[in-house]
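Below are two complexes that have subunit A in common, paired first with subunit B and then with subunit C.
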Partner chain A sequence: MDKVTIGIPRALLYYKYKDLWINFFEELGCDVVVSCCTNKEILEKGKKYTNDESCLAMKVFMGHVDYLKDKCDYVLIPRYACLVKHEKLCTNFSCLYDLVRNTIDVKIINYNIDIEKKEDEFYAFTGMGLALGFKYRDVIKAFRKAKKFEENQRNKRLLRQKNILGKSDKIKVLLAGHPYNMHDSLIGKPIINFLEANGVQIIYSDLYDKKYLKSEVERITQRNYWTYNKEIIGSISHYKKRMDGIILLTVFPCGPDSLSNEMIIRNVNDTPIIQLVIDELNSEAGIITRLESFIDILNERRKIHE
Partner chain B sequence: MEYFLGVDIGSISTKAVIIDSNLKIVASSYLWTKGNPVDAVKNVLSELQSKIDDNVHIVGVGTTGSARKLIGAMLNASVVKNEITAHAVGTSTIYPDVRTILEIGGQDSKIILLKDGIVTDYNMNTLCAAGTGSFLSSQAKRIDVEVEDFGKIALTSKNPTKIAARCTVFAESDLVHKAQMGYKKEDIIAGLCYSVCNNYLSNVAKGKKLEEPIIFQGGVSKNIGVQKAFQDIIGKDIIVDKDGHLMGAYGVSILALRSNKRINFDFSIADQKFETKGITCNKCGNNCEIVLVKQNDKLIDSWGNRCENGSVSS
Partner chain C sequence: MNKIISFPHLGNYSVPISFVLRHLTNYEVKASPPITKKTIEIGSKYAPDSACVPFKYNLGNFIESLENGANIIIQAGGGCRYGYYSEVQEKILKDLGYNFQFINLIDSDHLKVMEVYKTFKKMNKKLNFVKFAYYALLTLLMIRYMDKIDEIIRSRIGFALNMKNFTDNKKKMLQDFSKTKGFIPLTIKYFKYKKLFKNIRILKPKDCIKIGIIGELYTAMEPFASYFLEMELAKNNIEIKRFTNLTYLLFQKKKMKRKMLRGIKDYCTYTIGADGMDNVYRCKYLIDKGFDGIIHTKPFGCTPEVGAIPIIEKICSDHNMPVIFFSFDSQTSEVGIKTRLEAFYDMLMVKKGR
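Right, the complex of A and B next:
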């Protein structure tokens, strides 16, 4: 069998599952190619495949798929419908596969996650491995190894963040949002760069201790059923007391965020909080004004508390 | 004595003040930006120059407002600061006990909450300009009323019409609809004032607690119709300072005073040729838009590049 090359778009769920994905395919002996960091060219390409109602992150995603179309045998586009019983994910995650299939001419490798239909990660990954023609035994081995690797990487990052949290005297800001927005080089990176250049220590909302999540979420709300937003809420609740401020980062137009962030802003009253909504506008000036004044305020507050 | 210049270049208007080292305003100027910040600044400078004695020597310059960076480069400013901080500093210098600043400008609106002269919280409208000054002036044009007369006319209304406030586009179609139905002009105008306030309170203030004293600023604060609407809706006293529009410029002049940097400012800068140019860098997929500022055909500053590839030097 020829070596298969799997293309992974550097967008959306990549930022949640990259360790699992890359490791799983490499364990199986596949070549993995990840699309380049998002730039304007990728966004412009993505816009051609999406309509005006799609959120910025979706437009970026489509651009990445386009980038990969002649660089691999299959593009990995899983379908995530439900991760926790009675909870929801943004519908984008369940329609990505169909959306791409109908707009871009690429071969797709796919798996389904829908806990309410008992389709879990193990079931999904073994199915995908078999579909690629690998032996059941090898697939299970690769999955277990990749899972372990993912866990280790996460723990390492979490530990690093914990250490920073304990040590740093800098102004600390919790950057809260979906990982695919925070870590994207076009959406979140300019914000991260600006904050770091201005002496701010950033704590990321996607690095949180899973065991506290449920109780932490409930301290802010009992009525949110968006799984990914619950992670953000739980993280805010967990970190906010140790933060100088919180920046909620979202892209236009995000349905779940528009509800969830509004609620966060109204319910979190003990820590300064701002929301930044990023859209396709070319100018960063508005964002910089908001960030700059926010840092000014946090510095002033520090001075009084000292 | 040392003197300091503060310039606030907003989307609609440009404001400038000169203060002495006792924080007293010795001269001020207020003009329309008209989409050309460089010319607007030249004009305010020549107006200021005509208002002061020859022995007034300016040793510090601060710029704020949306064109602060451009004008900062042009004036070789010692301080370039965002308008939120500038407004807070300016206002709390004149009103040390202020707790809430409501501000509605040409394209943005913000709320600043303070305690003991320190900003504790703030919020700014999202990139959408609903319910700001430019909204009011475009609606004024639509119903053929000078925006300056808006407030006076609104006060004559006994029964303000309800106008959808959430979004400018909807507000506009609602307004047309109400006008076609036969509502009186003054009622519609008063309704617009209320809709600006409601929009502000739901989109910008977002349920934040508004403690007194409350100060209302920005171009829209000159509109007595909106002043009254705020007073009615919030149910608290609203203070409008006659120099409210200068607070950003005043604040940034104070910041220039507080900074250690001293420069030798010369009004002749207004006679020099400044040119700005936007270019697109094509060295990578980011296609950054880079702004170049030239003084007498010599490059003095540039920005906008995300990486070193796009850095421009003279």
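Right, the complex of A and C next:
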């Protein structure tokens, strides 16, 4: 059998599950192509396929799928509907598969995760492996290995962040937002670069031990039900005491963020917070000015406290 | 201090809602003041920027009713962002310095009868389950009848000789309904008004234009939020089929899910969240039934609908079906919508060859 090439768009859930995905397919003996870093061209292409009111991350995603169009046999587009019982994800994740199927002419490899309908990760990945024509035993083995690798990687990164948190005495800022916004080279990278150039130590909200998630979230909000937003809120209430400031990074117009960030801003009063909303027309200069003054405030605050 | 209970507007459904509240609690019931331009202005002043428009309307409603003397307010939940409205709104209002009690009727996505009962029991100690069930069922029946009558009105009002006949009688009907005491009187009233609305004289051309209105639930139901879109269409002699109403949400949605997914399996494999998939199905339904055009309405930033729109566009372009999208936010001007509607209407006329 010829080697199958799987394309993975470098957007949205890629930043959450990249270790799992890449490892799983490589373990099965597929070639994996990851689309290039986001740039203006990809965004322009993505805009063609989406409604103009879609969120920026979604537009970027469509651009990446378009980029992969003739570079692979299948593009991986999973559907995530529900990860924890009685909780939800943004509806964009549940319409992603159908959206791409109707707008872009590509072959799609897909899996569906919906815990409330008892479709969990294991079930989904084995189903996908079988659909690609691999043997059941190989698929299970690959999935287990990939899962283990993912966990190791995560722990490594977590440990690195813990070390930084203990050692560094620079100004520490918690960058809170969805990983697909923070690590995207068009949305979050300019902000990260600017902060690092100005001697700020960034702590990422996606690197955080979820052991006490429930109790930590409840300190800020009781009825929030978006799994990914809960993770952000949990990390904020986990880290906030040790931080000089918090940056809420979101894209326009993000549905869950619009309400959940409002709640964060109203309920976290002991740490300075700034909310940055990025849209497709944003000039970097505007954001940078706001960041500069935010860093100045943090510096002054530190001096007073000392 | 006597307790006054209030709730946000949802089209004409304020009648059954205040009916059930009046009978199940011993508080004074006062619906929010009618929605005006001021409501939305207040609402968007205090709401987060990119929150969707229903949030702003609801918040405006709340502030106006609190100013009006209410001290208990009720919010429901479920669906998409709507489920999280209550907590954020409560926080915003408390931060504004209002003193009130906030009651959240539905916590999770699914309506649980016992939980609603417990909430009412807390408000009214004397309430027993039989009474609760009696009035809940009566209210549901009232909603069902209202929707049925609404359907009749909608298909006829455009061709009426005197539109006032309909609107006045509807007001009278709502008043009558709100005074009802039991199932049998309600049913008698329903048949009386059904006959009345069916007998109002209309002038209907044989092949009139038929348009289906689909879209997000709040803008599709709330007449003011959709700028009397339906009245505007009726003036142009257009027959309207509208979909989302409370009957659909409460009774039919669950039953129809499988059937809908089967019907549109070429376009949708999974549900899209909230009413996204339902609207794609309605699109297919309208095409199959030979309608002339589709109007899709949604508030600005409605995530499920934004996801559904490219799919709707695809299905419509595959079947050569005219479709127009309206997105309402707090700044939408009525004139702009009228112009676009006229253009759409002209296009339909040309397409029909008149």
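Keep in mind that, in the parts below, the second predicted complex is superposed on the first by the 305 of 306 C-alpha atoms of A that agree within 3 Å, B and C clash if a C-alpha of one lies under 4 Å from a C-alpha of the other, contacts with A are read in each partner's own complex, and residues count from 1 in each chain.
Simple rule for what comes next: contacts are C-beta pairs under 8 Å (C-beta built on N, C-alpha and C of every residue); 3 or more make two chains touch, one makes a residue touch a chain.
The structure presented is a predicted model; accordingly, all values stated were derived computationally and were not measured.
Engineer: Looking only at subunit A, is it subunit B or subunit C that touches more of its residues?
Structural biologist: C
Engineer: Quick check on the superposed pair: does A:277 touch subunit B, subunit C, both, or neither? Answer first, second, both or neither.
Structural biologist: Touch status of A:277: both partners.
Engineer: Between subunit B (first) and subunit C (second), which, if any, makes contact with A:39: first, second, both or neither?
Structural biologist: first
Engineer: Taking the superposition on A as described, I'd like to know which of subunit B and subunit C A:266 touches: first, second, both or neither.
Structural biologist: Touch partners of A:266: subunit B and subunit C.
Engineer: Where does A:160 make contact in the superposed view: on subunit B (first), on subunit C (second), on both, or on neither?
Structural biologist: Neither partner.
Engineer: Name the contact category of A:242: first (subunit B only), second (subunit C only), both, or neither.
Structural biologist: Neither partner.
Engineer: After lining up the shared chain so the two structures overlap, which partner does A:210 touch, if you call subunit B first and subunit C second: first, second, both or neither?
Structural biologist: Once the two structures are laid over each other on A, A:210 reaches no partner at all.
Engineer: Just checking: does A:92 make contact with subunit B only, subunit C only, both, or neither of them? Give me first, second, both or neither.
Structural biologist: A:92 sits against subunit C, while subunit B stays out of touch.
Engineer: Please work out whether A:222 is in contact with subunit B alone, subunit C alone, both, or neither, and reply first, second, both or neither.
Structural biologist: In the superposition, A:222 touches subunit C alone.
Engineer: On subunit A, which stretch or stretches are contacted by subunit B in one complex as well as by subunit C in the other?
Structural biologist: 262, 266, 277
Engineer: Contact residues on subunit B for subunit A in the complex?
Structural biologist: 66, 69, 81-85, 116, 118-124, 126-127, 206-207, 284-287, 289, 306
Engineer: What residues on subunit C touch subunit A, complex-wise?
Structural biologist: 48-52, 55, 80-81, 83-88, 91-92, 95, 104, 107-109, 267-274, 276, 300-301, 303-304, 306-311, 314, 327
Engineer: Touching subunit C in the complex: which residues of subunit A?
Structural biologist: Touching subunit C: residues 49-51, 53-55, 79, 81, 86, 88, 90-92, 94-95, 97-99, 101-103, 112, 221-226, 252-263, 266-267, 277 of subunit A.
Engineer: Flag every residue of subunit A that touches subunit B in the complex, lowest number first.
Structural biologist: Contacts found on subunit A: 36, 39-42, 186, 190, 262, 265-266, 272, 274-275, 277, 279, 281-282, 285-286, 288-290, 292-294, 296-297, 300-301, 303-304.
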